[in-house]
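You will see chain A twice below: alongside chain B first, and alongside chain C after that.
Coming up: the complex of A and B.
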């Protein structure tokens, strides 16, 4: 394709699957996704694009690649769906491979470009359609596929078994007793106020973070529980493949657990995509206009317990801090102000990135790019040049990233571009800096 | 019938008819197919839609426009000319009066002349931009150049007809009318359809960004 020059990257989930496909299968998938599933939005977006280029400079991939026009948002559509429509659906395997690469590894679905297009053309929706097309053919980065299969069989992203889950919570409870008197982490308790769901990684590799979150829950004195069955992991990685079947399965499971346990609200820790999926993307597919049970993000929860005085910050963070606005909770759900309240409570010296809040740049790892695994690390590091420049400009040594994806993405950027800074979750900062009342000390 | 009579008579009928039928068909088709979309009707929010129209129609009303001041000015002037001159140019209104006996408020000729020249200049700048700016060039298809050239030619021939330059009046005016009619016919079937899809797409995006995402699309 003219002007589309990339270093070859091999990913068996894409390359090998495409090898096995035949023209008949590709044709059927196109028929299904672009004729049956798609709605009128597809047609009018493609038809209305004026090729004016107003969206180009909104995209961090375009900016980070020295304004290579093939990374401009409208170009990504031209190189995928535009190409498919021009060829009347008669595409080669090489075309499909290019579509998959663009859709999974050159667009984070951050929707910044939509804010810049004078028509509001939803480029991310169009790129999602490409992901859906690839997804129904089983063509996706192997690492994402693996997580989706794990969700299908175990409702969590990393093949964690139910007994391992219960075991993990029990030993965290044991450990917490060194810090909080009679710490008790309820599993499957009925009629609690809050059902806490967590990120799969927190149960396996990032238990200190989970432990900090639980500590905050205990100190704030809220009435909460965690699930005692599969379905404790809120990550819904099927969103990345636009595997709507698995995506709705997982979301339904979460709301079912909540209604079985008769909790009032569901709370998740610091994550972006899962929040968006459960709140509306997936809820919509299930026929709910909004979340059937209030579904809140850790940022909303921290804001609540801080403003209600349920926890107090004992001593503030001294070092210069900046904040990453995760797309999925700020541009996608307007949590920017609450986030700033928390950060100001926590930090003495807070500097904003520019631009920020709903106009912030994506960390370049979102929308599944971090989940695409090691083969695509280079892609997100390259795309993150804009982000690292933004961070460097603030001169901050602490980057607060209230989202697993942003956290990991920025950590990798900092390491690669050798910037003197470190990344933290809110839960880690709050747990370190909050006051533990006398009565709770062992 | 002379060329001038044809474009002034039957072809004018054809073009207006095709334009209106095309428009109605497109809108009907949109609203009908939109029923199958779970998002379009279900999440429509009038408040956020109006808010978005306002900020996107005001010059420099949106963040995006503020990032691109030069382009915004050029595109704005271009569109003001495109919308005002055909509707409020005295010469056009006189023709409506001649054929149908209806007339309405007109721009003073000096203003429409001035607007016409400005529109042509802005159109040419936009065309040059397509050739020169890397990302826009990469995106552009032959149709994009052609449609922009068509708009410029309609304005240019209209202006030349008015001052009866270069060619006999009937020829140049006939050419202008022909091109104007071609443009009208193209509106429902090419990207010129942005004239009405603008409102529909903005309504969707504004509702999603405003009501669902509690954020901003401008």
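Coming up: the complex of A and C.
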């Protein structure tokens, strides 16, 4: 394809899967996705794009690659769906490989471009369709597929076994008692107010973060529980390959647990994609217009317990801090102001990135790029040049990132570009800086 | 009326969720002393020896108290003061049959996983087991089992399938990507489950035999009678109800799930979405008139199958709908419907502004209380309520 020049990257989830496909399978998948699944939006968006180029400079990939036009959002649509339609579906395997590379590793589905399109074309939706087509054919980065296979059978991203979940929480409960007197973490408690779901990584590799979240829950005095069965992990990595079948299976499980326990709300820790899936994509695929039971993000929860005085900040963070606005909670859901309230409560010296809030740039790891694993690390590092420049310009040594993907993505950018800064979650900062009431001290 | 003073629990370092038996004469919890020892506590007194941990404390349907307990780092089952002889690395999913006689759990032994029934582990063990199912009399016990142990990232092996079902210590030879929705036939002779055949195809398996057709997606199946199985399946028309691999209801829906069968009448009720955000119940294919914006939970038949009640959520409030008639949708939380033995009355607990109320036929009869458990009909017109008021547990019989 003219103008599309990339360094070769090997990923068996894409390369080997494509090798095994035959033309009949590809044809059937295209028919399924484009004839049975798409809505009228697809045709309207494709026909409406005037190639005006207004979207180009909105994209961090385009800017980070020295304004290479092949990274412009409109080009990415043209090089994928545009190509597919022009060829009337008669595509070669090499075309499919290019589609997969663009859809999975050169667009984070951050939707910044849509805000600059004079027609409001939802380019992330169009790229998602490419991912769906690839997903139906089983073509996706190997690391994402691994997580999705885990979700299919265990409802968590890391093949965690049922006993490991309960054992982990009870171990954390024991550890918490060094900080919170008689800490107790309810599991499967009926009629609790809040069902807390967590990120799979927090149960396996990031238990100190989970411990901090639980500490905040205990100090705030809210009535909460964790699930005592599969469904405790709110991540839904199948969103990245638009595996609707797994997405809905996972989301259905979360709302089922909530309704079975009769909780009033579901709370998740600091994550972007799962929030978006549960509120939008998966919920609608299941037949809901909105979350059937309130589904709140940690940012909403922290805002609530701070404004209601359920927790108090004892001493503020002194170092200069800046804030990453995660696309899925700020651009998609407007949590920017609540986020700033929390950060100002926490930090003495807060400086904004420019641009920020709904115009903030993606961390370059979103939309599954961080989950695509080591083969694609270089791609997200390259795409993140704009982000690291933004961070450098603030002069901050602390970057607050209330999303697992942003957190990991920015950590890698800081390391690669050798910037003197570190990244923290809100839960870590709040737990470290909040007041522990006398009655809860061991 | 009986009372148990719950203030005594405040002298302990900790206590867990309270559980009560069906007749309400026992209330139990796990209490913890300052040294971190856990005791089982019943009606104001600790009983038996201390344990390192006590999980899953519950009353069986026949009133026995059971729990999983940890001693010297290992786990076993405690039943009314008697421990299973064998101890395990871990024990979870503690369950009983409907009578409460048979006690079972998933267990971990030497790094492998299996099921233990009344203290006797199955002879087969597996790389993993998930979820535990028991038929009404306990004649059949099933669990999902992992038969292959490919390392992480082996996506092409995962795609071959690793999971199966084991029933009474015998595992099916077929391997699937995933299984969900295991259920038993009314007379407990057969077992069905939903399975994922490939990344994008699903079907129903009955006694290790797959339906001939596969589908874009399926949800949990149910037995219509001893032989026939119904299940929601997704086709190019949307969600449809199929029976033994063929269409059963005429129309399709935006969503269809939560099947409930009344076997004696071969009636099927299912929760359906007519369009996005328009939920209702379909009974034998005919949809109810009222629709709800947020949720319709699993339907419940009266004992004679003549009445159906469902919990619904609409405009951020919960309520009950009985035979297409809406009760007041004003509650912040509502329990499942409880039918009287002959089905002439329906009761439920409900909560608003922090207070729990007893509802009978859409009228508030009692409340507010600090907490209420689901009520129990002792007779057609006698209701037992179990609750907490002013830090005391109480039971009360009322005529309705």
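Note that the second predicted complex is superposed on the first by the 442 of 442 C-alpha atoms of A that agree within 3 Å, B and C clash if a C-alpha of one lies under 4 Å from a C-alpha of the other, contacts with A are read in each partner's own complex, and residues count from 1 in each chain.
Everything below uses one rule, namely that a contact is a pair of C-beta atoms (placed from the backbone, for glycine too) under 8 Å apart; a residue touches a chain by one contact, two chains touch by 3 or more.
Just so you know, these numbers come straight off a predicted model, no measurement behind them.
Participant: After lining up the shared chain so the two structures overlap, which partner does A:284 touch, if you call chain B first and chain C second: first, second, both or neither?
Facilitator: Touch partners of A:284: chain B and chain C.
Participant: Please work out whether A:259 is in contact with chain B alone, chain C alone, both, or neither, and reply first, second, both or neither.
Facilitator: So A:259 only meets chain C here.
Participant: Regarding the shared-chain residue A:314, is it in contact with chain B (first), chain C (second), both, or neither?
Facilitator: Touch partners of A:314: none, neither chain B nor chain C.
Participant: State whether A:189 touches chain B only (first), chain C only (second), both chains, or neither.
Facilitator: second
Participant: Which partner does A:94 contact after superposing on A: first (chain B), second (chain C), both, neither?
Facilitator: neither
Participant: Where does A:13 make contact in the superposed view: on chain B (first), on chain C (second), on both, or on neither?
Facilitator: Only chain C is touched by A:13; chain B is not.
Participant: So, does A:358 touch the first partner chain B, the second partner chain C, both, or neither?
Facilitator: So A:358 only meets chain B here.
Participant: Could you look at A:152 and tell me whether it touches chain B, chain C, both or neither (first, second, both, neither)?
Facilitator: In the superposition, A:152 touches chain C alone.
Participant: Under the stated touch criterion, which partner chain does A:293 make contact with: chain B (first), chain C (second), both, or neither?
Facilitator: Only chain C is touched by A:293; chain B is not.
Participant: Both chain B and chain C contact which residues of chain A?
Facilitator: 284, 289
Participant: In the complex of these two chains, what residues of chain A are touching chain B?
Facilitator: 3, 39-41, 44-45, 47-54, 56-58, 62, 67, 69-70, 72, 74-75, 78, 114-122, 280, 284-285, 289, 330-334, 358-359
Participant: Can you list the chain C residues touching chain A in their complex?
Facilitator: Per the stated touch rule, the residues are 13-14, 16-17, 32, 53, 55, 90, 92-93, 106, 108, 113, 128-131, 144, 146, 152-153, 155-156, 158-159, 162-163, 177-180, 196, 199-200, 202, 216-217, 236, 254-255, 257, 273, 276-277, 279, 293-295, 297, 313, 316, 332-335, 351, 371.
Participant: Flag every residue of chain A that touches chain C in the complex, lowest number first.
Facilitator: Those residues of chain A that touch chain C are 12-13, 16, 36, 136, 138, 142-143, 145-146, 149, 152-154, 159, 161-163, 166-167, 170, 182, 184, 186, 189-191, 229-230, 243-245, 248-249, 252, 255, 259, 262, 264, 284, 286-290, 292-294.
Participant: Which of the residues in chain B come into contact with chain A in the complex?
Facilitator: 29-30, 33-34, 36-40, 42-43, 52, 56, 62-65, 67-68, 71, 75, 133-141, 144, 191, 193-194, 197-198, 200-202, 204-206, 208-209, 212-218
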